[in-house]
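In what comes next, chain A is part of two complexes: it sits with chain B in the first one and with chain C in the second one.
Our next item is the complex of A and B:
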């Protein structure tokens, strides 16, 4: 579905991604693990068209996403939920959801309205807070809003950048339950996480990214059997 | 009466200048180029009515269009940078414009009189209104008509998707990008729109004062332009108007006996607002309270009836 081949992205002279190749299959949750500075967010930004790649290719359902830029990548069906939630703090919850549908044409107003109703059904807390400024929501609620906003663009694949960061364990459980439910409803997800234990509950396939390179790829069972990963990410010995 | 009309005139022109900065501030960009666009609008429309003897309305329109065109051109390179670097880039643009007009000498004989921009001596003969029998009340009326048109346009913009897009970019660029917003297009559009508004303001300013020179378009004026929406708040166009009334009506005019010390109060006011009301005088809460009060008053009137 999403195919990334030898992707290279740099910040000036510093190469953050040094030839990354990954595959996210349709209907799967594909997880990218990695320490701070591994290039996970750079990978997300490059896939979402926010950063430009220096080399390599990205394709979604057979269509090339290279050099399209963020608005066109989103229209092609790849939506990003950025790290730290990043809601539009001064706008109401409802306006944030409308913002997620910016790429939809005016002719689709009825569909947008239906989609907002669906989001309120999936996330009842957002309905209860629909006219509240997004900046006043709790961290977990903001994460739900950021997720719902991304879903408003009707993506084929959802990129989630560390959805658990900065949230309490109970809220993290709730967010992962939502991810699981979304996936069961047919959404393909590319998840970036440092919390491998939680990721194991939802992911079908794992990649480990370190210093801009993929150093491991495998199923959850293979991940659990890898001694280095066990020590670094799963608290094992 | 003339004095009061003069204050209304100043408040109207400065409101246009402030609204031009307001539009760009909605996208989170602090630009000091507004005074450059204001100067372009002033000189271009002045040249058209004085040298080419055009009617004021097409002259104002071409002045605004030219200012908008330069804002569009400046927008692309300038908006690649942010924060302090954008401030420096836009100051540089305003200074280039000012120095261009400082050196511009284009004297033409029109009806036996030599007229036009005269380099260091300024541009003196912008007397369209007097030559065509306009009274001061008509000039003030025209300025405020334009202020109301621009305010209504910006208010309408805030009610539709475009306003939400501008505010989304101003709130968080990354979140805006991940919502599929084209940052460059939005910022350049805001810069161009701001340039057009400043151009209209500059044209009206030049014709209402009859004289402009390079001293008119100094950085202090650019500072005023961005201060109005910052002090007034970005929740509503009314905030900018309130700030202009307060600064020009109360501080500049009301405290005239203090001379240049007024500038200290202006600076102090900015510091106070930044610390005490970072969202500006007319923030979201105050706006909600005012709406509720207005709602209660309207209901009360209906009940009385």
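Our next item is the complex of A and C:
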């Protein structure tokens, strides 16, 4: 579904991604693990069209995403829930959801309204807070809002950059339950996470990114059998 | 000091009426600052340039006087877009000094073009209802300033409607708060910023025309004071606060009227500028400014 081949992205002279190749299959949750500074967020931003790649190719359902820029990448069906949520703090929850549907035309106003209702059904807390400024929500609520906002564009694949970061364990459980439910409803997900234990509960396939390169790829069982990963990410000895 | 409470209230009324022009300029500065978190110091100059274009449409093309209020804002809107491309769009994102310096250069460029074309001489600008004067009890109200104020309120209402009731406004507000998240929502942020510069330019053009109509002349000497007053209003209102810019515009107008009465025209601006320093020292976020964390 999402195919990334030999992707290279740099910040000036520093190469953050040094030829990354990954594949995210339709209907799967594909997880990218990696330490801080591995290039995970750079990869997400490059896939979403925020950063430009120096080399390599990205395609979604056979359509090239290279050089499209974020708005066109979104129209092609790839939506990113960024790290730290980045909700529009001074805008209401409802307006944040409307912003998520920015690419929908005026003719689709009824559909947008339906989609907002669906988001309120999926995330009841957002309905309760619909006219509240997003900046006043708790971290977990903001994560749900960022997720709902991304879903408003009706993506084919959802990218999530460290959804558990900065959240309490209880809220992390809730977020991962939502990810699982979304996947069961048919959503393909590419998840970046440092919490391998939680990721194992939802992911179908793993990649390990380290210093801008993929150093491991395999199923959850293969991940659990890898001694290095077990020590570094699963607390094993 | 030979004045009573009637004089004080009269000065405040005149100041508040005139302050509506400052509110418009402050609103334009605020829109641009809100969109890009950068100051466009050529903004007020573009408004004055628009007013000159409006005046030229009357003198060269012989159009009716009211057309100046149509041609002026449109020209200022176009200049606003040119300023966006010349001073902001292609500047390195992390370099905050480059667009500031570029906009200062543009301010002097516009000023020089005006001086070159007019030989630096003031030109008469048609007044709106020059003879209208009303009495409200013991107080007199200039009809032209009343119209300026009414017109400013209409423009402010239109801007608020655009910002809070349209898709364009949604995109503008989203871009101003979190540009990366706005891109991720599919909002074309460069186009949105360009549109904001046009909108602010149109407001500046109206302000330039209204200012020229209320003082009766158009002069290149207006650009710098209007720029500084616009900045004062923006800082006092709170950088990025639309509500603050509008309220501060009227407040600065009122303070200016009062200083004019108490200290005379020669010292008036000294005290207005002093207000800026007082706010920068004691209330740097202005009346309504907030610290917004952007990505």
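Quick note on the criterion: the second predicted complex is superposed on the first by the 237 of 237 C-alpha atoms of A that agree within 3 Å, B and C clash if a C-alpha of one lies under 4 Å from a C-alpha of the other, contacts with A are read in each partner's own complex, and residues count from 1 in each chain.
Operating definition for what follows: a contact is a pair of C-beta atoms (placed from the backbone, for glycine too) under 8 Å apart; a residue touches a chain by one contact, two chains touch by 3 or more.
Quick caveat, the model's predicted, so the values are computed rather than measured.
Novice: Looking at the overlay on chain A, is there a clash between chain B and chain C, or do the two fit?
Specialist: On the superposed model, which is not a single observed complex, chain B and chain C clash.
Novice: When the two structures are overlaid on chain A, which partner does A:16 contact: first (chain B), second (chain C), both, or neither?
Specialist: The answer is neither, since A:16 touches no partner chain.
Novice: Return first, second, both or neither, reflecting whether A:75 touches chain B, chain C, both chains, or no partner chain.
Specialist: Touch partners of A:75: chain B and chain C.
Novice: Let me test your reading of the model: by the given contact rule, A:133 touches which partner, first (chain B), second (chain C), both or neither?
Specialist: first
Novice: Is A:50 touching anything from chain B or chain C once the two structures are fitted on A? First, second, both or neither.
Specialist: A:50 sits against chain B and chain C alike.
Novice: Shared contact residues on chain A for chain B and chain C?
Specialist: On chain A, the residues that contact chain B in one structure and chain C in the other are 48, 50, 69-71, 74-75, 79-80, 82, 86-91, 95, 98-100, 102-103, 149-150, 153.
Novice: What residues on chain A touch chain C, complex-wise?
Specialist: Touch residues, chain A against chain C: 48-50, 69-71, 74-75, 79-80, 82, 84, 86-91, 95, 98-100, 102-103, 106, 149-150, 153.
Novice: In their shared complex, at which residues does chain C touch chain A?
Specialist: By the definition above, chain C touches chain A via 167, 170-171, 173-174, 177-178, 180-188, 292-293, 295.
Novice: Applying the document's contact rule, which stretches of chain B touch chain A when the two form their complex?
Specialist: Checking each residue of chain B against chain A gives 161, 164-165, 167-168, 171-172, 174-182, 284.
Novice: Once bound in the complex, which stretches of chain A touch chain B?
Specialist: Residue list for chain A touching chain B: 48, 50, 69-71, 74-75, 79-82, 86-91, 95, 98-100, 102-103, 133, 146, 149-150, 153.
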